[in-house]
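The following pair of complexes shares a single chain, chain A, combined with chain B in the former and chain C in the latter.
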Partner chain A sequence: MSVEPRRSKLVARLTHPVARPLASVYRWVDERMGISDLVYKALYEAVPRRGAWTYTLGSVTLIIIALQIVTGMFLLWSYVPSTTEAWLSLNYLAHHNEFGAIVRGMHLWGAYVLLLVIGLHMVRTFVSGSYKKPRELNWITGVILFLLVLALGITGAMLPWDQAAFWTTVVTTHVLSYVPLLGHWLQEVWRGGNQVGPVTLTRTFAIHIWLLPALLVPLIGLHIYLLRRHGEHGSWVNYRNDPEESERERADRVLRAEPPYPAVPSDPAYSVPDDLDEFFPSQVGKDAIVSFVAVLIIFVMAVVVGSPLEAPANAASLTYVPTPEWFFLPLDQLLVQFPQAWMIPVGVFIIPGLASTLLIMVPFLDRSPDREPWKRPQLMVPALFTLLFLIFEALLGVNRLFNL
Partner chain B sequence: MPAVLSIAPHLVPVGVSTAVATALVGLLMLTHIQFAAFQQGGAMLAALFDFLGMVRRDERQTRFARGMLKTMALAFTIGSALAIFAVMILFTGLWSHFWVKLLRILFWPLVVEAGAFVLEIIALYTLYVGWDRLGRVRPLRVGLELVLVIDLFVQMLMINFVASYMLTPRPAFDLPLILLNPTLLPLEVHRLIGNVAFAGALVALVAGWRMLRARTPAQRAYADWMGAIGAVTAISFTALQPLVGWEYAKEVQLHAYASWYDMMLGGLSVAFLFQMFLLGLILTAGIFFFWRRVRTSGFRSPTLALCAVLSLGAWLLGATPSSLAWTYEQVFAANANVPIWNGGLLIPFGQMIPWKLTALVAFTFVSITAVTVFLREVSRGHLRWGEARRSQAVALITMGVAVSLIMALMGFIRENARGPFLITNQMLINQQQNFVPPSSAGPAQAGAAAGANLVLGGP
Partner chain C sequence: MARRMSRRRFMVLATNVAGAGITLLIAAPIVGEVLQPIFTRRAHPWVRVGDITQVPVGLPTAYVVQMPTTQAWKVPPVARIVYVVKLNVGSAVQVLPLSNVCTHMQCDVHWDQNLQQFLCPCHGGLYSITGVNVGGPPPRPLFRYRHKLVGETLYVRDQLTEA
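== the complex of A and B ==
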């Protein structure tokens, strides 16, 4: 079914405020800025109808990132990035500022849920073959975004300057020293010397709130632009590929397709979904419901579980056993398996580096036209093994989490 | 005698030698493990294939799921009878002191285990008896199969609490810490994967047997397809085992060093080396099947041929003892001139790093590549089911038998690695066999009772 864009009453209310005094102001601004057109373009596009709930994960990711920015801003009002004040400022939030404690909890649990949602989003995209031509760059930007979020997660874990944060900083910056040739230089740059100290915290703070977001935000923009340019691919269930449809009929269908399908020439069989729906209100509604549930989970976890704050950092401690954040458990467990000094770079860089490179290269490794997962075993089987490997590594790494 | 009975007869073992008691329980439990492992792996395969059969409307997959559940129901009768006999008669009679202590410490997990056992009976026999009627509401049937899968997972977890506790008990006095001991998770993951691989290997074994006995093209085609399913499952999951097994061994090394030493460098290293031999046999036989099966359908796959060669190389590397004794001096150095019962014939497992590790890594990567290439050939429609030859059926049977042997061998190694302890550093085998209960409720007994309460978290 082709979607004929139309303005619903709801949108009319959005773009033309009812209140008379504001209407004239709105029209004045609208004439100069084209807000109505912008809103119209943002809300009206065709999306695949089948499997729509699974396409909400990208929107949920965006909402949680926005939540992270907002809660991060609130935290900046209290947090002091110095080795003497950082722990005290968060301890104040934990014990004397209930709102602050919840905000910090939401920031922490938001990061956890964000990583899970991005993971699911990537799995969905991978299984459905949505990275194929012409959406290769969508995938690549998505993978880089995922890596940036991981980097935000680890730098964020260093900021509280409690025992966990301090030793995480020690281990993370130490790991850098294993980078071939540049290792020690990188370590010194991050640490601001040979030892972890005040400069390390300042630099980690700067990386967390300036450097990484400065890379993240434009990349999100690019990711969304690419999504809008090529349209949501959906999955193979949206493309019937009727064998009785002639080449001419198919070409006609593609020609008459609702924008943005197809933005650029690609495989005709997967150019235009068979059954389309409106982004607004249909898909936006689903996005809103799932996003609401995600934010609710984050809020509940923030209130019920909260965010831990261990004893203040103590570089002289001989008994403290550092444990990694759960999302680094597979990597930590990998390190356990490479105990000898000469093998550590294998666990630290070669395997994770190779895995990240392969992840980015996925669209170029699988250039077959097929979208069904069972017709792409050359990629699905190794991916399944990798996923199982990560899950098992994380499970086995729980021993480290509980200091067993 | 009456005096002994009046003291605490329930704690005094029946008077047979330790060797006989060990052999009886060992034999029974190693057999029971085969049935239990098949139940867990089989339930997963049955649920998966019934689901796939429903979604893809594939009658062959539904038939496979039904066959699997039917076999599970039959196997359950024997497996559960063995377990009941072991618990009711052998444990209670021959290992009474140990059994009572273990039961007291791990009371709640064993209660959950019994509950899960009841649920298994209900779910499995409901599926067995009502397969066709439940088929009218397919999601309900698949849902019940999922319940069975979860139930069997819980059952295995409870038993793993016991097994891991015996190897690496935590010096703690509360149940959560006792349960979450260092080898629990590695053992759980190791067994979960192993059980699916085992079920797949048994499917392959039965399929190989059916291929040899098939009389009609339809029978041959189904057996051929079933063999491929079994081989893919067995090889895929076995490919993960070297890594998980390595991590399991590392935890044992960290927390029960004597057991680890015994396995890798001591008396059990011979058995461990044989395990490496079996692992190589399983993977090589499976990869050989993939390679030749594709070739039989008229397609050459140089990658699969290379995988078969590499697997053979890894097998040789992995199964070679570290001490190859060609001269008398070497025999003497390897302690091979002394009978095994006197501590001789110790063939250390060998240098784990880098040789055995290289072999394990090669096994994993070669197996994953072989499964991937084989499935790619299947997805391209290159295989015509029913064309498998005799040699491929034999490869499947070999793989199945080898997996069954390795399951028994791993159980043997795990149970013997604790020696001379029944519970590492807490109870010696001799202590339990020569156990004499206190003769009166004097201070010594009161002290022992207080100690027991401390361990059990009682009042």
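== the complex of A and C ==
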């Protein structure tokens, strides 16, 4: 089927069955705004049929980030970012506003599930070799987004101003003081003084609700733009790579593809996938199903487990044992393993910094054209050991904190 | 000017200069606002810790002190711990007002009677009775408060000094 009839069918489907009187209004708006064109461009795209379920992870990430933004917006209806009132406002929420407590629970569990889904999304991209040319920037923007989400996670953990939040604030802001030369000033700028106090909370709050999201949202836009520019078919499973097929025959497949490829065919071997499907509804449907399961898990955890609120912040505590958020356990364990003087900055900055740099550099460390994981053991084996190391460190951290 | 500037070149120049001006005018006060804490001098009033007559020699005793917050607008004072340590030095008794803030990541340390050391719950830092870091990650001894004794009443300032 050629493009045009498909398109009008799509438009007809969008307008016709809803309500007949609305159709004329829709046509009036569409004539002036071109909504149908946008919808058509967004939904009518070739996506690979194989591996489609693993490709839902990016959409799930997007949906959960949207959930975080919406629940965050409505947490602002109840939360006061002040050292004297933050805890009181959330305590009120917990006991006098049952649905508000669920909103806070969803924001917390949304963050936890989001980190897990981003982890799976990264593993999928890594294993399938989808970061290779021309998709290097997809990977790099993705890693930066992951780091921003970690920063959102840790700043969010500081806001309730209970014991957990207070000591997370103390330790996290004090880590900055180990930056060579500038450390003391950086810590003062974040804390608004040399100690954690009222200004620390307003600054952390501002970072959490505006600064980081203002960086996150446009970067998500860039990430998705790059995805659409190069297509979703970065994985080896989408290619026959028939050695008999000439380059000309491949180029011909690009031209005749229906729906059209979004790909910029810069790598002839990996620009023409076989076995295609339509983005809408085949992929969108799968995305919706998996996203629904993720949101359901978040909702159930918010209702059943909820979000904890410990005793109010107390800087004069002799019995409280501060524990980090679970996603910072490996880093916390590094703090124990790199003691004293010059070793502390090694554990705090050099090792995590080196790890982040290597993660960003992945597309340049592995420039071979091969995408099958078993053909790139030089990357897969170190990555596996890194993952096992992170889990091992987290377990050591749990063991240490529970045996104290 | 030797050569007359074309209208087009002037408008390009105007775009750049005006754009830089807009950025600078917006950025300058923002940078000032963010960096202000670095340049702010704060008062460190004397705070009464209490009568330390009852503190036994060789047993660090925790006093809860209401420290005024001088960081920002008027808020209620914040409770902090001052560990008062009395030690025999020759025939005299030395008084050490130790901060209980770990020098590693600033968690609250406490005196562990079994270990006979100060222990930090966060990452296992250990300090001797005089506050010297003797184990775990802390890079330096516990800080001491600036202090004065009026009779047997101890006063400290929210100002820490190296041991």
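One rule holds in what follows: the second predicted complex is superposed on the first by the 367 of 404 C-alpha atoms of A that agree within 3 Å, B and C clash if a C-alpha of one lies under 4 Å from a C-alpha of the other, contacts with A are read in each partner's own complex, and residues count from 1 in each chain.
We take it that a residue touches a chain if its C-beta (ideal position, glycine included) is under 8 Å from a C-beta of that chain, and two chains touch if they have at least 3 such contacts.
Only a predicted model underlies this, so the values are computations on that prediction, with no experimental measurement involved.
Undergrad: Considering only touches as defined above, state whether A:Val398 meets chain B (first), chain C (second), both or neither.
TA: After superposition on chain A, A:Val398 lies in contact with chain B alone.
Undergrad: If we overlay the two complexes on their shared chain A, which of chain B and chain C does A:Leu388 touch? Say first, second, both or neither.
TA: first
Undergrad: Please indicate which partner A:Val336 is in contact with in the superposed arrangement: first for chain B, second for chain C, both, or neither.
TA: both
Undergrad: Return first, second, both or neither, reflecting whether A:Trp326 touches chain B, chain C, both chains, or no partner chain.
TA: neither
Undergrad: With both structures placed on chain A, which of the two partners, chain B or chain C, ends up touching more residues of chain A?
TA: C
Undergrad: For A:Phe74, decide between first (touching chain B), second (touching chain C), both and neither.
TA: After superposing on A, A:Phe74 lies clear of both chain B and chain C.
Undergrad: After lining up the shared chain so the two structures overlap, which partner does A:Pro377 touch, if you call chain B first and chain C second: first, second, both or neither?
TA: Touch partner of A:Pro377: chain B, not chain C.
Undergrad: Examine A:Phe299 and indicate which partner it touches, taking first as chain B and second as chain C; both and neither are also allowed.
TA: Neither: A:Phe299 stays clear of chain B and chain C.
Undergrad: Take the contacts of chain A with chain B and those with chain C, and give the residues found in both.
TA: Touching chain B and chain C on chain A: residues 336, 340, 404.
Undergrad: Which of the residues in chain A come into contact with chain B in the complex?
TA: 333, 336-337, 340, 374-378, 381-382, 385, 388-389, 392, 395-396, 398-399, 402, 404
Undergrad: Residues of chain C touching chain A in their complex?
TA: 34-35, 37-38, 40, 42, 62, 64-65, 69-73, 75-76, 78-81, 100, 104-108, 110, 121-124, 133, 136-139
Undergrad: Okay, in this complex, where on chain A does chain C touch?
TA: 83-84, 167, 170-171, 174-175, 185, 188-189, 191-193, 195, 197-199, 314-322, 332, 335-336, 338-341, 344, 400, 404
Undergrad: Report the residues of chain B in contact with chain A in the complex, numbered from low to high.
TA: 170, 180-182, 185-186, 188-189, 193, 236, 239-240, 243-244, 246-247, 250-251, 255, 353, 368, 371-373, 375-376, 378-379
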